[in-house]
Amino acid sequence: MAILKVNNLSKSFGNVKAVQGVNFEAAEGEVLSLLGPSGCGKTTTLRCIAGFENPDVGEIHLDNRKITTIPPEKRGIGMVFQNYALWPHMTVYGNLAFGLQIRKVPKDEITKKIKKVLGMVQLEGYENRYPRQMSGGQQQRIAMARALVFEPEIMLLDEPLSNLDAQLREEMRFEFTELQRKLGITAIYVTHDQAEALVISDKIVILDQGKIVQSGSPKEIYSSPKNKFVAGFIAVTSFIDGRIDSFTEEKKKVIVKTDDGLVIHGFNNSFDIGKKVSVAMRMNVIKFIQDENKSDKNTVNIFKGKIIQSSYLGNIIDYKIKVGNWEVRTKSDAKYNFKVGEEVTFYLSPEDIIVTREE
Amino acid sequence: MGNNLKNELAVGKSEIGVGVERPRSYTNILPYMLVFPAVMVILLLYLYPFLASFWKSFINKEGVLSLANYEKTLRLYRYDVLFTLGVTTLSTFIATVLSIFVAVYLRLSKGWLSNSIGILYRLPIFLPFVVIAQMMRSFLAPHGTLNLFLAKLNLVNIENPLQLFNWAGLTFGFVWKQAPFMILIICGGFQMIDDSYIEAARSVGAKLPQIITKILIPMNKPTILIAVTLVFCSLVGCFSFPYMLIGGKSPVTITVDIAHRVNYFGDYGVANALGVFSYIMVSLLALYYVRSMMKKGLYD
Amino acid sequence: MQKSVFRKTIEIIIFTVFIFFLFAPLLSLVIWSVALRWYWPHTLPQEIGFDYWLQALGITKSLTLGAVNVVPAFLLSLGIAIIVVIITMAIAIPAGYSLAKLKIPALLKGIILILFLLPRAFPQLPVFLNLMLMFNKIGLTGTVFGVILVHLVVGLVFAVWITASTFSSIPPELEEAARSVGATRLKAFFKVTLPISTPGLVASAVFVFLTSMDEFTGTFFVGLPFVTTLPMTLYTASGSNIQFASVIAILLLIPSILFMIVIQKFLKAEHLGGMGG
């Protein structure tokens, strides 16, 4: 198993700078996700690692071997394609055996290896099926098996689950994680789905317009997104922009003031006073207060707003609330049944709000 | 005025609301009425003479049912039947190999060279065989352009130029005309193969020859078979080119024999028997085509 | 680096051979059409000029053996082709529409489609031979009308296939939407389906035009010796005078090349099979 290093990688297509100076490192046995919206350069980065694109600048190392200019067929990297790319004219056996036959592995050993890898993806006995005779999920597993059967040092996955329906996709995340842990193989995983990246990754690299915006463990990224873009990408739905006004005595809490006079308390001491920031909130941050007198223990972060939209989702209701000049969204228990236009009072717990760079 | 408008609206409304219940038979008959003229033309001007060619091949000079025409055909034209089969098969084979090479090249290669080949190769597709016949007559003649060129390169003796008004010239012309058509079809098939299939093969270690023989050609087999069938069928029936290139000399293709049999002997029986032989050749390939398609059907 | 230079060299060599075999036959046609004197083994004609072109086009009178004025033949071919296009399309558009869009029992539709496939699959020459025998009885052999009928058969087969595939590529919802807002079936056809399918139908018409201009085998049996279309004059000249034959061949080649440039993207590859047979 191997360490992958990407140094200062850049790639342009005509005038489009697809990837600009990307650096990251995946440790042995680690799952590293490249996360970002479409066109952010994640797939181009992956294709450079695979060898299907030649980077303009930069280097790629696998362990201590420089592989930047080696043709893909000599890199020994397993790859899972978004559309699976299972060869339709070959059976499962043919698909899995192809790479081994090229490596001149003896026939009985091929059969043994295929049996083993099919066991790993829980498709024993499917050797003689053709791809079109299998469901999407089964094809996905075969694609995974094909990338693993020749025992590569590292595997690349290009949005491997994006063609599956939601339920199957969630199931397959866990299966992938289990399989990867068992083999201890290093994996680079491209996805645009933040939930997927959070579940499967040891490290997440977030890309936007060809550049790395933030990288770190799923927890780091989730709890302290570096800026509004990253926050917006990982489940933050509401933003209120303002300036750092002051800090509390212990310098633990930061106080943000907006132009229209809202005062919001949060935790983050990495900004200077006067800096423009954005207060980011997830769906679960807003807590409604029905009897104002009972909640005297909280003296800060209490706001009044007006419901401007409500969508009934069964056991929960999705509200859009107008506060000052801002609109915030929340999902609340269906027991709070507000009408559109109703005035509401709510509390934001300082621990749950994120103060991040406004840009 | 207002009343008028109201009336009009009322009328319009009643037309849409109630409509006119059409007799059911009208809509039932419409599809047949529309295809009828085309089907009649084909039945009268194609199918009738087509069937007549079978029937007449069994009628001897005295107007009696017999196998005499076939006996005579085999006696006189046995060699030409084989010649036709041979030249057609050879031409189809060469055109297939050539076109697969070019199509693979066009699929995998980028740059101005492959782009210009990708456009220029189409030229012969649209030229009629009668023009190609004249072209090859001047190009392949003993004192023609090709021999002149080869003599300049000292590849042939100027006193003893290549004689190409025979199977070789015929094959050259057939390939010249039909290989581009095959490239067009096969290229279309290759374009349908997503890059990811090729990339998947490379990622498991396949090099160019393996990608071509194990991925591209097998994945494109149905298209290649269609191209082979279309080209073979059109070559078996080609008349103008062999007639103008080889003419009265022997051996020559069945089609030319038929024309001679009719023009010089007025012998429609033997001519039609020869025609039936050409049908059989096409049927054999069609049978092979259907069989390999059925085999493919078994996978599904 | 070494390797890529080597590859480039091979690519250029193959390209040159390719260009030579593609264009040399064409070029030899062009050279012959302007060669006044060309004796073996001179590389190029000793004397060139447009004399044969002028004679073939009827601009100057000629006493050369085998000389023909191709203008009447060209006009005859053109006239036949135009009439054939009109009749063929008038028959093929309804047939193609019916096969693509209307309800015909599957078995019958299959039989009809096979009927239209037969002339593409089997050699046509024996059929034309028997058509000639048929026409002999009713006095159509050697008449322009007889030739038009032959060209009609050849063109119709292509036209029905192309129009049917054009119509079936149009989603039925478009016509259904027109009918739901109150258009009759006829109106929906003329206002929606027909305009959308125009490129395919034009391609099909041009294709029929070209098959008629180039048709050889059927005209050879049914038309000769009284109806001499352009391909027939080429055949006649080919045996006697190579310069005249070259001029006619080039004239016949021009519409084909124009067609290739203008229309090829509208056509599906498989429809081109047997073109100009």
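Descriptive notes on the structure:
A, B and C are the chain letters, set down in written order, and residue numbers restart from 1 in every chain.
Keep this in mind: a residue touches a chain if its C-beta (ideal position, glycine included) is under 8 Å from a C-beta of that chain, and two chains touch if they have at least 3 such contacts.
Quick caveat, the model's predicted, so the values are computed rather than measured.
Within the contact network of the assembly, the step distance from chain A to chain C comes to 2.
When the C-beta contacts at B-C and at A-B are tallied, the pair with the greater total is B-C. Chain centroids computed from C-alpha atoms place B closest to the centre of all protein C-alpha atoms shown. Taking each chain's centre as the mean of its CA atoms, C is the chain most distant from chain A.
Centroids built from CA atoms put chain C at 58 Å from chain A. Chain B and chain C have CA centres that are 14 Å apart.
One simple way to say how far apart two chains are is to compare their mean CA positions; for chain A and chain B this gives 54 Å.
Contact of a single residue of chain C with at least two other chains is seen at no position.
Those residues of chain C that touch chain B in the shared complex are 11-12, 15, 18-19, 21-22, 24-29, 31-32, 40-41, 43, 91-92, 94-95, 97-99, 102-104, 112, 115-116, 118-131, 133-134, 149-150, 152-153, 156-157, 160, 182, 210, 213-214, 216-217, 220-221, 231, 234-235, 238, 242, 245-246, 248-249, 252-253, 256-257, 259-260, 264, 269-270, 272-277. Within the complex formed with chain B, the chain A residues making contact are 50-52, 71-79, 81-83, 85-90, 98-99, 102-103, 130, 132, 146-147, 150.
Residue ranges on chain B touching chain C, taken from their complex, read 16, 30-35, 37-39, 41-43, 45-50, 52-53, 56, 109, 113, 117, 120-139, 143-146, 148-149, 151-152, 158, 176, 181, 184-185, 188, 226, 230-231, 233-234, 236-240, 243-244, 255, 258-259, 262, 268, 271-272, 274-276, 278-279, 282, 286.
Of all residues in chain B, only 194, 196-197, 199-207, 210, 214-215, 218-219, 221, 299-300 touch chain A in the complex they form.
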